[in-house]
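Structure below; questions to follow.
Chain IDs A, B, C and D follow the sequence of writing; residue 1 opens each chain.
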């Protein structure tokens, strides 16, 4: 897929997630790999539900803007870190929903999920009988420090699903391409909403 | 109704249900009978909120693809089994909503419903004073085994309404045509949302 | 306003309420007075979110169809009864939402509301300090019997706001014209959603 | 930005907030400063989800209509008071959502918020570790009296964030321009929905 197609698909995903209130108040950020050594990401502070290709910019895998006059999203170090960790990651999406925020604050180090068919939306999960643990990281205003912690957890094998929560901050999910990352976001968000509703029933 | 009309109506129903978040992450599947001995069903893994007629395919009543290069939805055996059990079934719709998922996990063998006017959306129910029981089946990754259990329950008379729940997996509903099956899905989903809210109030 | 304008405005209101899931599964019905002695109402079983002027029909104030081959909504006697009781009523709208259904089942003879600014959306209510009581009627499959009970309650002064609940069945609201009846529906539905949320917090 | 652009942006914001059910039943009101000494505000009783530039009118900073035949929104004194208190305020938006209404009734004098990344949507908040207090004012049908209380609280330094709640009545938020005020509304509404969900989990 060429640059124009990737930019268009990224914007379309932003608009969809915006309409679901998953990136209110300019929250959320969205990126996709272009070639091997670059990725396209939303610029800082742009309204996601109206994102246009002009709101996107290119960074290298260190997270440095190719055009220095452009300011990438503050969370760019997290995106860059994921692209460096796994060359098969083609897209990274970050949503900021109410259920993900609430659950990530209530959890300690992870959210356990079992018995849901929707788990199978996650690449690699074959049965509802598996137990999936979504890791939860403490929030940090230093996104470089966050990327260091994430890298360590990845290498320690503590990130076994294509997603993670940042406490009080929302969900990151990734995949081989934008469609797969979107499916992962939707699967996780659905599961979080189920868990939150089950907590409320008790 | 001819093939083109059925395909168009099935896609329109998918788009509507997609916009209500009833088939996130490529979940859900949708079929309609064509003639007596075939049905049209969504292909595996397609995005339901954007389904086009090209994403549909024909199967015979054993659930075998007419064009062997096409892969039908994994739940095709459940659809095929329903079309075999009752020649008056013209459409089978499967949604994957949060309320249906949560309730099906909390229930044992069935969800009892009484006192709601909305029960009358279900063909055959004449009064809000009736008691309707939606059967709940355990989930299974073997959809052929699921179809065998469903067939046995049907023949034992344990499926008295045009719908059933699979635990942690969502709702199946059917009807004489797509409009009727849609009305049944909407009626059940509404009732499940009421039940879930009543549980939360307690 | 002439017939065409009234029909268009009624359809537009139906589509809006449909998009909010207030009339799923062909539930809900909507009418507006035309001249003094007739009203326009949705025909039985039509999909409200797609209602077109052809789905509407004329009845006289006894609720009898002007064209005997058309079948009006089953709840027509309730609409007709309201038009007879007050010549200033120009529109009657009936929604079937989750909060109205849940609250009407939990309440006894009325839902009390006080301290909400939104109460002022109801014609005649001047302050959030007033106490508004929405009467709740038991449901009945005999809509003529329902109309008789409603008429008695009206004459006894037990219907002091422009709306009422039917248990497990939803909300009726009315007003001098379609815009006013819509404002009343929206005000009540908002208040019911607040009350339901307050119950869940406890 | 000229008058036409401001009117267009204000209407677009109204439509968006209307689609989120944040100004049902003609509730809510929206204004933006034009030049130094005037502001544009929605006229009384207009449907916000369909607002057109013709539904807007000009007031001076005392809240007096420039064209005396036009009736501004009843809450105009609150808008005018904010424009007088801070010449850097360019837009004031008032939404009337379920979560803001429910929380404002449950709170005493303020709603405390800490540990959420979304706090950073509020101008001046740099970290999720800050504690943000949204002041809650008792409701009053006399909006001039409300403006006097608000002015006193402002001068006493009790309004440290760009927003406030009126009990049972909803949220006011403001900013240097419409986009900033919108970001503040979205940030607050998101946070209120989180808090309400956390209350329900307990």
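Heads up, the rule we're going with is that a contact is a pair of C-beta atoms (placed from the backbone, for glycine too) under 8 Å apart; a residue touches a chain by one contact, two chains touch by 3 or more.
Worth saying up front: this structure is predicted, and the values here are computed from it rather than measured.
Novice: Counting hops between chains that touch, how far apart are chain B and chain D?
Specialist: So the least number of steps between the two chains is 2.
Novice: Measuring between mean CA coordinates, which chain is farthest from chain D?
Specialist: The most remote chain is B.
Novice: Regarding the chain C and chain D pair, does the interface count as same (over half of residue numbers shared) or different (under half shared)?
Specialist: Both copies touch with mostly different residues.
Novice: Distance between chain A and chain C based on Cα centroids, please, to the nearest Å.
Specialist: 44
Novice: With chain centres taken as the means of their Cα atoms, state the distance from chain A to chain B in Å.
Specialist: Result: the chain centres lie 31 Å from each other.
Novice: Could you list the positions in chain D whose residues touch two or more of the other chains?
Specialist: Touching at least two other chains: 200.
Novice: Report the complete set of touching chain pairs.
Specialist: Touching chain pairs, listed by label, are A-B, A-D, B-C, C-D.
Novice: For a test of understanding, state which residues of chain B touch chain A in their complex under the given definition.
Specialist: Contact set of chain B toward chain A: 21, 24-27, 47, 96, 98-99, 101-102, 105-106, 139, 141, 166-170, 196, 199-200.
Novice: Which stretch or stretches of chain D touch chain A in the complex?
Specialist: Touching chain A: residues 20, 115-118, 121, 126-128, 179, 183-184, 186-187, 189-190, 193-194, 197-198, 200-201 of chain D.
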